[in-house]
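To keep things simple, chains are lettered A, B, C, D and E as they appear, and every chain counts its residues starting from 1.
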Amino acid sequence: MDTISTEKKQRLSQNWFSVIINTYPTESKAFFGKNKDLFANPVGNTIKRNIERLTHEVLLLDLNRDHVKEALEPIIRIRAVQEFSISDALAFIFAFKTIFRKENPSLSQTEEGRLYLEALDANIDEIVLMALDIYMSCKHKIYTLRINEAKKHVRQLLIKKNLMCEVPETGVEIIR
Amino acid sequence: MENTRRKFLKLTGVSVLGLSSLSVMDVLDAKKAGAAADADPYAYPEKALTAQRWGMVVDTRKIDARTTKRIIDACHTAHNVPDFSDPNLPGFSPANARHTVKWIWDETYDHVFPEKADEFLADRLKKLPILTLCNQCANPPCVRVCPTRATFKREDGIVMMDFHRCIGCRFCMAACPYGSRSFNFRDPRPAIKKENKQYPTRMKGVVEKCNFCEERLAVGKQPACVEVSNGALVFGDLADPNSEVRKLLNTNYAIRRKQSLGTNPSVYYIV
Amino acid sequence: MADFPKPKEMFDSIDYALPEKQWEDVPPDLSPGNFCYPTKRKNLEYLGLPANKDEWSPSDEDWNLPDNWQTIIHEGFKDLLGKYRSLKIFMDTCVRCGACADKCHFFIGTGDPKNMPVLRAELLRSVYRNDFTMAGKILGSIGGARKLTKDVIKEWFSYFYQCSECRRCSVYCPYGIDTAEITMMGRELLTLLGLNINWILEPAANCFRTGNHLGIQPHAFKEMVEFFCDDIEDITGVRVNPTFNRKGAEILFVTPSGDVFADPGTYTMMGYLMLFEHIGLDYTLSTYASEGGNFGLFTSADMMKRLNAKMYAESKRLGVKWILGGECGHMWRVINQYMETMNGPADFLEVPVSPITGTRFANAASTKMVHIAEFTADLIRNNKLKLDPSRNDKNIVTFHDSCNPARGMGLFDEPRYVLKNVCNNFYDMPESTIREQTFCCGSGSGLNTEEIMDLRMRGGLPRANAVQYVHDKYGVNMLACVCAIDRAALPPLMDYWVPGVGVTGLHELVGNALVMEGETERTVDLRQEPLKEEEEDADE
Amino acid sequence: MNDRNYIIIGLVVFFALLTFPVWYNLGSASSAPEVVLTEKAKEAKICIEDADFMRREHMQILNNWRDKVVREDKRTYSGKDGKEYDVSLSNTCMDCHSNKADFCDKCHTYTAVDPYCWDCHTYPEVTK
Amino acid sequence: MNVHYLYSLLAVIILGLIAYAGSEGAGLTWLFGLVIPYVALLIFIVGFANRVWGWAKSPVPFRIPTTAGQQKSLDWIKSSSIDNPSSTPGVIMRMALEIFLFRSLFRNSRVEISGDRLSYKWVIWLWLFAILFHYSFLVVVIRHMRFFLEPIPFVILMIDKVDSIFQVGSPVVYQSGVVLFAAATVLLLRRVFVPKVNYISRAADYFPLFLIIGIAFTGIVMRYFAKVDVVGAKELAMGLVTFSPGIPDASIGGIFYAHLFLVCVLLAYIPFSKLMHMGGIFLSPTRNLANNSRAKRHVNPWNNPVKVHTYEEYEDDFRDKMIEAGLPVEKE
């Protein structure tokens, strides 16, 4: 099965890409999916570029975790800050199982093919787990950023040192 | 999306139908009010001369300078061909004096038949004025290059020009290996000495050439040049073995211009 | 995205369009994380704005609007239409051509169609048609009109606080329709109902009282600046001596308080101080007008005017000749487009003339306020500064055009000129992402609050993506800017999308490169980090 | 506001342009031209088709005529009255309607129609 | 599914049929030929003036041009005098480019990577069809002046001649009509098929497009297919503009009244619709002002008086702390 043609790979990644893009509202779907401007459409272009790499990696039965991570991370990074729940954000990865089977319907009829499918499914499961890690690290990052930002405003410290005063709670009189 | 599209097309279709039905109604009205719509009101003229492939034989033996001039005059008068050589015409300058328009003209043998201009050519031929005109090729290169189909080949073999359509691009002039086409660099009207009211003129920027007098054939007349040639020019159907041209070619040795180019001219020369 | 398809359905739906609702029928997402915290009552009251309730949350079902809320909005709208021709024109002329649709960084990052500028404006426009036009009254929803309901108010709140007023859409609009203007009007209307966000009104209230957003009291302000002086002495061996509230100084220097207060703005502040000391500028800082930034711009014209008034008042009191302004985005939009109109005429000031070069700033002849980038560019041009750009060699720099100085002023070449003179490695980002087409940091107009960090990351993605490009291509590791909000908002943005890229103000780099009179040899930069990375390695 | 003056001027200019035909035609109201028929035409009573049809369709007919003659060599047209006509602008139409200036040009000038027929085709000259 | 275009399409068809049936069937030619045109023009003029005056009544309190180029600051920095004008000539230039060439719309570009280089592509389709649409419409309108002027001025004749320069057919084909019809159709299809534009489009967006397509369609039909009496049409038009209205004796043709009626609907519709952008574009404050408010004072007529926090109040709040910190104070 290492002889999957480039053409087929393209089709697989194109379908996978469509699955992701279909998780967005109709109006943005067309924008994310079709606009090829690297800078005007970073979401679509990043996903497209990396899903191609990911397709290539997932089909190699001997999974190279570093390569997978490189391709997976930019996609998850984007989806982690969009309005998805974690399951919604990562569900697209599982879809590859179906995509691949639809593209290769006869594979399950031979013993060799079944073995390949099994291995592929295992790959996908592993990728999902990796995605989960990445997703969590992204979320973690966001929280860190939020905390840092809050910390940066060291107002509490200043207030403690009596360097700063706040607007009093009953400020109505002051206005007059 | 698919849904939207279909519904859109359907509705647009209906509306276009709706709106165009208005126009259809009007057209029908017009038809009813106007011509009898059932029959084609247009017909071929009854008296017309017809052929499968018109052709001409030029018998150079019977031609001298006087005949030549008579023939050229007859043709150019009949078709309102302008003569730009008059220095009194508006727009004339020595530089454009050679912007001549010609449908039929005389040339020397070596110009007409460069392939056959042998070293020791008969003296007679060297001096002979040879009438030259559009060859009405069976395989006309000018037709192929015309972008507006202003030049086209009729079923009877005549290579025709629709002056209405000519945009003056002059591709046909470049394509014609015989130089049979002329361009009106200036307004031709003032350069027409005696206007033939029966035939239109051309306008500036239009190409023109011999049309085998198709307008005369339509009324049952021989071409103007043939009529005044005293038998030096013979005109007829090349596809008909009994025609006069075929008889003539049967009994005489005749040549055609630049045959090697494969244009298949319809004008033969008996030398 | 509640009814999100599961993998199988997703695959089946590749060529299938989900049933669409039209935008009027899609409610805004007001779940936590998708809205800025509403303002506290005390801020509204302190500023004398309508305040109707105590603690509330946009995620509440019922917002407890005042009984006559419809009248309030209607009258407020009418008032604004009478005051602003821009609003009327922008309500009437949009043809919905869609040119702006994909120009908004929030749309690009979120894909939410209501973030298309045309729809953001349409939120207001639909109500305008219903209330103020004949066609809307007759044709109703067919004419694109809709009744003002509580849901519409929620929608306004959601989307007018998802616009950073960056004006990028306005550049592409054939009629110059400026969504920033529309957002300001929308927010002003919401404020009439007491609906505003804390991140805007608290700084505004603080600024009103103490002169700066952070509520720093005068003595603390002075102390903070003196800390910088100590740091500068440590780094350069030169003691700088800024003055405060000094009458008779030639120039009043005003900068956003973020520069006094938050990294990396503080380094920029150090840069200013070093520069002024070096050229011997006769200037003073003010604790009263200690804020250049103006959160009033994000609330209403009146609030903007109230906060801005201090600059002229203080310059008049101190008797300075003119005002020099630090690096700040919305501060400069206000100065360039509003200040003199609101609080002028500034006839007690003189047309700014650089005391060092003698250059007369004719472009500031009326406002009497000069941008520090203009000022420094002029100094460099006249060879008044001794610069050693190699001190910035570890920085490979690109420049982020902050929205307000870019599209509300046109400050493009001055900072670039300065940058090219103070550092050796400068690369611009691709042209469709800089200058007048620059992408917003995603946190402007009072949105740089931590509770919407996800949204900020989405909105900043287009900017980060362009930085990523020069980061990959030229190894860019420093993003320079001339805006305090940028200096606060870009570090987390870079941290998330392009780790390894730092953020700096223009004058931090100037401070690094500036060879001051009597300075000792520098080994560290203003951040107290080694000047060269190799040295760091050697130390270890 | 001084820009209101500009706005008013702008509006006035716009409306003046818009109503330009009113000013332009002021006092020179001319009625639609009447076509003049030659004696010959009057006698014939009917053209190749009836007058109303000719009024609307003559340009189309001429366009058809030229294609028929030049490209298909069909030179005879059976008119409504059953009569056969030679398909020719100069020889048939202008034979009857020999008064080009009064017959053709009047309406053509009135409606700014400038056919290029006469660039090549001849018409009977007016003898004054 | 956005069904708004259905309303618009149906409305235009019904309007067309009303006029056709009304004139042809019911013989109401006086209504469609004389009364409605006058009424429509009146509505247009009053409505247009009213709308523009409504704009004029509101002041421009602030100078808020969108600056799309380098400001004028130091002498040696080249400023962008058109995209960021600092003076009236620059503004006039900017407005002219905006109005005549749709400059802002032209700014659209797309970036793609080819190899390791960036390439910029103009995404000019919207601009192209918009400009084709507007200019062909303008030519069509000017060309129609031949029906309203007698004698016809040379300029109109020239434009007419140029517009039919290819001399195709008889009556000769006007390019402008074909282009108008095609460009309007493209703009319509764009609204239907481009998802994001479809999403923002409402009946008010489709109606004018269908109306203009309908006008172009009826115009083309009556010129080339179901011909009408042109002399009659001009007679009617001349009657209208010389205020001696009358219906010519000979029937002009129902399709003419449909055409005329749709034009009247368009005229009357303009003041109440987005088509007012033809006036609005002149008054957009982000385009028609110079970016010079730092150099020249701009006056706001309603400059609201506001409550400010004065220095005195400030010092009262913090006097002790200021003195302690060694900051100068006004009152000891």
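Things worth noting here:
Note that in this section a contact is a pair of C-beta atoms (placed from the backbone, for glycine too) under 8 Å apart; a residue touches a chain by one contact, two chains touch by 3 or more.
Please read these numbers as outputs of a predicted model, since none were measured by experiment.
Using the contact threshold fixed earlier, the set of chains in contact with both chain A and chain D is E.
Placing every chain at the mean of its C-alpha atoms, the farthest one from chain D is found to be A. Chain pair with the larger contact count among C-E and A-E is C-E, by C-beta pairs in contact. Taking each chain's centre as the mean of its CA atoms, C is the chain most distant from chain B. For the pair chain A and chain B, the distance between mean C-alpha positions equals 74 Å. For this pair, chain B with chain D, the centres built from the Cα atoms lie 31 Å apart.
Look at where the CA atoms of chain D average out and do the same for chain E: the two points lie 35 Å apart. Between the CA-based centres of chain C and chain D the separation comes to 68 Å, rounded to the whole angstrom. In chain B, the residues touching two or more other chains are 1, 3, 30.
Residues of chain E in contact with two or more other chains: 1-2, 55-56, 59-60, 111, 118, 194-196, 198-199, 227, 253, 283, 307. Multi-chain contact residues of chain D (touching two or more other chains) are listed as 52, 56-57, 116. Those residues of chain A that touch chain C in the complex are listed here as 15, 18-19, 22-29, 31-32, 35, 37-43, 46, 77-78, 81-85, 88, 91-92, 94-95, 97-99, 102, 138, 141-142, 145-146, 148-150, 152-153, 155, 158, 163-172, 174-175. Taken in their complex, chain E has these residues touching chain C: 1-2, 4, 7, 51, 54-64, 66-74, 76-80, 83-84, 86, 98, 102, 104-105, 107-109, 111, 116, 118, 120, 126, 130, 194, 196-197, 199-205, 272-274, 276-277, 280-281, 283-287, 291-300, 302-304, 306-311, 314-315, 317-318, 321-322, 324-328. Residues 45, 48-49, 52-53, 55-56, 59-60, 145-153, 156-157, 160-161, 167, 169-171, 227-232, 234-235, 238, 241-244, 248, 250, 253, 282-283, 301 of chain E touch chain D in their complex. Interface residues of chain B facing chain D in the complex, by the touch rule stated above, are 30, 33-36, 39, 41-46, 48, 152, 154, 160, 162-164, 195, 197-198, 200-203, 214, 218. Remark: chain C residues 1, 4-8, 10-11, 13-14, 17-18, 20, 29, 34, 42-43, 45-48, 101-103, 107-113, 116, 202, 205-206, 209-210, 214-217, 219-220, 223, 262-263, 430, 432-433, 439, 450-451, 453-455, 457-458, 461-462, 464-466, 469, 488, 492, 495-497 touch chain A in the complex.
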